[in-house]
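Chain nomenclature is as follows: A, B, C, D, E and F, assigned in order of appearance, with residue numbering initiated at 1 for each chain independently.
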Amino acid sequence: MSDISNMVRAKVLIDALPYIQQYYEKIVVIKYGGNAMTNEKLKQAVMSDIVLLSLVGIKVVLVHGGGPEISDTLKKMGKETEFINGLRYTDAETADIVRMVLAGKVNKDLVSLLQEHKGNAIGICGIDGGMIKASRFNGEVDLGYVGEIEDINPEPILKLLKDGYIPVIATVATGENGEVYNINADTAAARIAAELGAENLILMTDIKGLLREKDDESTLIPVVNVSEVPYLKKQGTISGGMIPKIDCCVEAVRRGVKRTFIIDGRTPHSILIELLSNDGIGTMFI
Amino acid sequence: MSDISNMVRAKVLIDALPYIQQYYEKIVVIKYGGNAMTNEKLKQAVMSDIVLLSLVGIKVVLVHGGGPEISDTLKKMGKETEFINGLRYTDAETADIVRMVLAGKVNKDLVSLLQEHKGNAIGICGIDGGMIKASRFNGEVDLGYVGEIEDINPEPILKLLKDGYIPVIATVATGENGEVYNINADTAAARIAAELGAENLILMTDIKGLLREKDDESTLIPVVNVSEVPYLKKQGTISGGMIPKIDCCVEAVRRGVKRTFIIDGRTPHSILIELLSNDGIGTMFI
Amino acid sequence: MSDISNMVRAKVLIDALPYIQQYYEKIVVIKYGGNAMTNEKLKQAVMSDIVLLSLVGIKVVLVHGGGPEISDTLKKMGKETEFINGLRYTDAETADIVRMVLAGKVNKDLVSLLQEHKGNAIGICGIDGGMIKASRFNGEVDLGYVGEIEDINPEPILKLLKDGYIPVIATVATGENGEVYNINADTAAARIAAELGAENLILMTDIKGLLREKDDESTLIPVVNVSEVPYLKKQGTISGGMIPKIDCCVEAVRRGVKRTFIIDGRTPHSILIELLSNDGIGTMFI
Amino acid sequence: MSDISNMVRAKVLIDALPYIQQYYEKIVVIKYGGNAMTNEKLKQAVMSDIVLLSLVGIKVVLVHGGGPEISDTLKKMGKETEFINGLRYTDAETADIVRMVLAGKVNKDLVSLLQEHKGNAIGICGIDGGMIKASRFNGEVDLGYVGEIEDINPEPILKLLKDGYIPVIATVATGENGEVYNINADTAAARIAAELGAENLILMTDIKGLLREKDDESTLIPVVNVSEVPYLKKQGTISGGMIPKIDCCVEAVRRGVKRTFIIDGRTPHSILIELLSNDGIGTMFI
Amino acid sequence: MSDISNMVRAKVLIDALPYIQQYYEKIVVIKYGGNAMTNEKLKQAVMSDIVLLSLVGIKVVLVHGGGPEISDTLKKMGKETEFINGLRYTDAETADIVRMVLAGKVNKDLVSLLQEHKGNAIGICGIDGGMIKASRFNGEVDLGYVGEIEDINPEPILKLLKDGYIPVIATVATGENGEVYNINADTAAARIAAELGAENLILMTDIKGLLREKDDESTLIPVVNVSEVPYLKKQGTISGGMIPKIDCCVEAVRRGVKRTFIIDGRTPHSILIELLSNDGIGTMFI
Amino acid sequence: MSDISNMVRAKVLIDALPYIQQYYEKIVVIKYGGNAMTNEKLKQAVMSDIVLLSLVGIKVVLVHGGGPEISDTLKKMGKETEFINGLRYTDAETADIVRMVLAGKVNKDLVSLLQEHKGNAIGICGIDGGMIKASRFNGEVDLGYVGEIEDINPEPILKLLKDGYIPVIATVATGENGEVYNINADTAAARIAAELGAENLILMTDIKGLLREKDDESTLIPVVNVSEVPYLKKQGTISGGMIPKIDCCVEAVRRGVKRTFIIDGRTPHSILIELLSNDGIGTMFI
């Protein structure tokens, strides 16, 4: 690929121009996870995408989950996971380890990578600056220190953006009594995007997007109006693991985020292509 | 070319990243002229290049000469040009027409084009804000109202840049008694670049660059240290019409501009490729 | 007049005090034209008035038409003017020449004069910074590239004012497809004054003001409420060439300009006297 | 005088223009005293002069002494003045009364007058903001609480100027142990002007200026270079009560004030004429 | 008391923490008067309290009356006070003396003391910057130049606060025709607090606070809702000299001041204890 | 202790005043460690001290080591520590765990505690914003990923301070190739203090300070000039574990920190007492 002609180079850059104009000084929240986070090559591609976007004037906020690192560390520390009705129970000690892994390992690895790509990143978590306040998730089953967001204070993120940094956010939070909660990263990203008045929310997944026919990637639905979601759920087009992710998209749009995307993190540079070309890849919710 | 793959698109954008970082918030002065100004397609390409560069955070200043528009208008107005020893003599009336064409036609055409490309441009000339003060050029032959720069006040340009505009500069100036002078655009661009503390000065020409063997474009000299210039002149490598252009480059470097380039305006997007890829085209003076 | 006593000097200055206080940091738009633009002595007086007003803290914006310069240049360029029902038809080529003369000759002459009077002026036209957007004037007869204002973007003017410059405005505009339109300078001045939230709009004319008895200057009407205008038209007091000028005044007042004046440009320093003394000269519309 | 013609009005204003330009945003310190302070009409003229100067962008600082008010109050309070070798001795109680009269009566009267003339004034004394620190004047005879300036802190004045106020300064000061000192107003004005980096210092007096022949006002010396002062003293041209005033002028010029003036406070509007016309009245020290 | 243990020191400081947080950058207006102003030791304590509060980020505004200084000076100046129906009549001359004493003696004494305690204070009165406009108090009996507040311009105080000064305010005012009015300091403090949007108003008095049983300090009422005041008056709990003071409190609360306090100025450091500990002393109106 | 009298309260607060003035807006770097970090009660005391100091306008930066948490986690993860010549060898995996514990556990615990005390803290490590660059410590024995500071970029800390946060710093760093280094927290605190131009550096230890006679706390040396240190080492007064700590103090003073302290972290509120009272506890190096 070293033989890309200058004409092609120029064309690609010029093609990107209207998109750069559109997103200039706008906030884009990227939820990073899945394969894009475990595959080393994809990881490098994501990092360079983020640095590039931030350089052309887009205010990128990176929200991440923990990937397999949490399980690894829990295992190494001999901490056995309890399951209740098939769902993992997070006791206080586990919550503490989750926080340590997310805020001390995954977060700092990402910051370190962004710095290597000449991005200027600072990593914080929901505890810093009192950013995320949570309470115990009130579901049918008590899952322990799994938190529900009570309040988001966007100031620490806004100040880091103003100071020229790329904020990297680990989604752990504090409860009313100082207890630690683990927060689902998709949900946190959606709420953060809403509080920041973000232009876009991008959820990186390991699927092509929303498919009309399961397993047939050629039936990708490029745009979904959030009002169609209930119907698509009923119809079964949205099902299984897709449901919570798409609920996040709907929530974000409802709370004022202009566009949310589910994109395929397995394709290198999918963020860049989604944002800076007219080849939309993945599904957009509006 | 509509079938550029997403991988190529991503690669080109990512390749541009270090160059965008390098020029971020830096001033680049572009002297626009020659074929790039008369060929409609090249013109469009230059405009989109400038808008893109300005969008990714480079502070572009466009300095222009008049091309054939001046001769056209002089001819239409029945103004005959007098020649002394083969050099055009500029009487007061001609100087006035030159100013009118440069500041009222060429300048506004460029501003209009940049606006169409969604750039935010404002066109001024050396008279506005007292930007260029000149006196009669003191050469062997009196050429009339051909001016020599006495003083550059960079404030109007710096304020337009700060206000977010792309300044487009017509190189006419005022003398001590309010008389109008026409200033050579290459010279003016070099001096303006120096006064602005520009990172780069780019002179667009109709040649490939400096060639070791005349007429053999494969012998392009990519980099010249300004200290080598006297030798290259003596040797005849720099000769004829190249001499004043290269003198401008030397002058600009001597006065503190980091790098100056002579690039081939006949190649579409040569500015973009020169600045945002590692395919240097043309000759760089350092 | 060199023997003005110090007491008189002091008195005049002190008399001006309340007016200076009233206009401090307020925007005053002056439409410059007529004799005040062709008579050299009047021209000098206007320039010194503007510089003085700007020095005592009034934010002056100078809007100008083209005077006889346009006809002169059209004639010199052998461009014959077509008339339709007695009105001049502006073809594309003529519009281009008009723009060149207004933005490149008249505008720069004024800037140059203001600079000579130690004013700090920058001349722009409706194309710069996308300031005036126009469309083809939709009257009974097609007059070609005579424009109707679609939109005014006051930002370039506001930024020049904030940066300490006196903006000098040539009233040419761009259409949707980049075509050039010539705009009536009175109309443009009225709309610009409204968009800027100006305190005053001053139209310089070659008449004393609105007279109750035609040809009897002693019957000057000093103040007119815009609600009286329809009656004054019906009555014939406002007639002929006065109608469009007074319509501009009414329009400006309706859109929020506090006061608009029609003043006699043939009286030297009429602007200064109108603004800085209690000898109102001309007619004020409120 | 109500019949000043508009031409004269315009001429006077235009004549003032270069002076307004010269002093724009510059600091001028005026020491107010003598007849101009006791004669009601002169007082009004000084106030309107100061408001006008401040309106056209000159940063005026008014420093005042106490005039006959101090003696009046001392007398009313039955406080007898002690004299030592013919010089008034200021005991602690007298110093206290002096402070009260200067800061509470004279100062507030001036502020009140300036407000009536629509000036925006705030009156402070050397104690406010720790502006003037003094110690006991160390002369041949102990004069009690007559102070010598140890240090000037110009910040309170600079902040009032920046906030848009006309500072009115009563020249009392604090000593190391909180004791009150009375400071000679001429001396204080000179030192304040120096600390503020003032453009001008104007001392209002009851004489025409420095005269070559005593009692012959036609022999006024318009400009004195401070280096000539010793000779003029030796020669007797500078003598008596003039000596300390002129020493203040010399001191101010030596410490960096560009120009200092001794002007005749008995002439109405002498400040305005001195600053805004080319009729210098009084003597300038450079 | 030199043997306060470090543990006690730390505890006191830590105890103050939540109060410092609560008042951080808030405005607190203190009306200073009574014993706290005449007793030298109490005076020193008040000054150090104010400097401390200002240092920990509270924006303190000190409003003062005149205490016995006014009577003293009037007496010394042989000015006899006229009484009408038992109320002091203030003629123009007396008003002038009152202003002189308040603005020139009491005010400067306080500024001087604050400076000695390393506070950065500036003393002004209602005349400075046109801060307090008043008219003749329109009561049953004409009391002369006793003023009623017409208008408060809070700008001079807000600017002094922004510039980092502690404003010290003497409550004299100007009338429509420049005449001097003496204003009741409690009333002025209440109105100033309201105009500044103050968090707190503190009136220093010579009583413990509002007592349920007269003369029994153990029956102090710590908190009063302003709606209870009419009942408390009817009941006689609020009577005599307390009435106008409490009316000020009510007025201030009604105009938006969050809390107003009547505290005992006879207790050293009562301000500090009221604001920075949970030992409320005195009576709070909400 | 609930019965501290109001007089004592006031006295303590007033006593603190000059210290608050001295440190106002100054930077104080606190190296937190030892007992103060493991004892729950001491920990709470430190947190409230820091919040109080930050509230009274001192810019506190908290630098922390890892305490026993690192060993605990290493042990739990079955990571055995290798010793070379009695010194712990840090392999890459250990360095990674150290980073995770410091930046994800200890750091977030401290941030959480400060937030509970109503402080506004953000926790970062040397990787964030490229704050600490390190290389392999070049000692006699290779200790693996133990880093030597190459460069400190104080910007992230300065920006957090400007944004109103208390920065909490975990001392891990990045090497040239992105590798993780553990940095000695005392050393890092000293260098950070120097780069920030801090007023004070406070190292919390588990000793009384520098004692003239070992084990006799009554021989505490309150002040040491850094020039005396070599002699005190030679003499044996400074020995053992004290040496590196005192070297940090010397280094910090040499690099421009005004004062550095070794204080006894075992005494509750020792920071508060050291900074806000004249009971210096511990040893000060100047």
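The rule is simple: contacts are C-beta pairs under 8 Å (C-beta built on N, C-alpha and C of every residue); 3 or more make two chains touch, one makes a residue touch a chain.
Only a predicted model underlies this, so the values are computations on that prediction, with no experimental measurement involved.
> Using only Cα atoms to place each chain's centre, name the chain farthest from subunit C.
For subunit C, the chain whose C-alpha mean is farthest off is F.
> Can you work out the whole-Å distance between the CA centroids of subunit C and subunit E?
Subunit C and subunit E have C-alpha centres separated by 56 Å.
> Calculate how many whole Å lie between the centre of subunit C and the centre of subunit D, each centre taken as the average of the chain's C-alpha atoms.
Distance between chain centres: 45 Å.
> State, to the nearest whole Å, the distance from the C-alpha centre of subunit A to the C-alpha centre of subunit D.
69
> Tell me, which residues of subunit C touch at least two other chains?
Answer for subunit C, listing residues that touch two or more other chains: there are none.
> Viewed as a graph of touching chains, is the assembly arranged as a line, ring, star, complete set, or other?
ring
> By the touch definition, the chains form a closed loop. What is the full order round it when you set off from subunit D toward subunit E?
Here the ring, read from subunit D toward subunit E, comes out as D, E, F, A, B, C.
> Quick one: in the complex, what on subunit E touches subunit F?
By the definition above, subunit E touches subunit F via 1, 4, 6-18, 20-21, 24, 45, 48-49, 51-52, 55-57, 118, 267-269, 272-273, 276-277, 279, 281.
> Could you pull out which subunit A residues touch subunit F in their complex?
73, 76-78, 96, 99-105, 107-108, 111-113, 115-116, 120-125, 127-130, 156, 159, 163, 165, 172, 174, 178, 180
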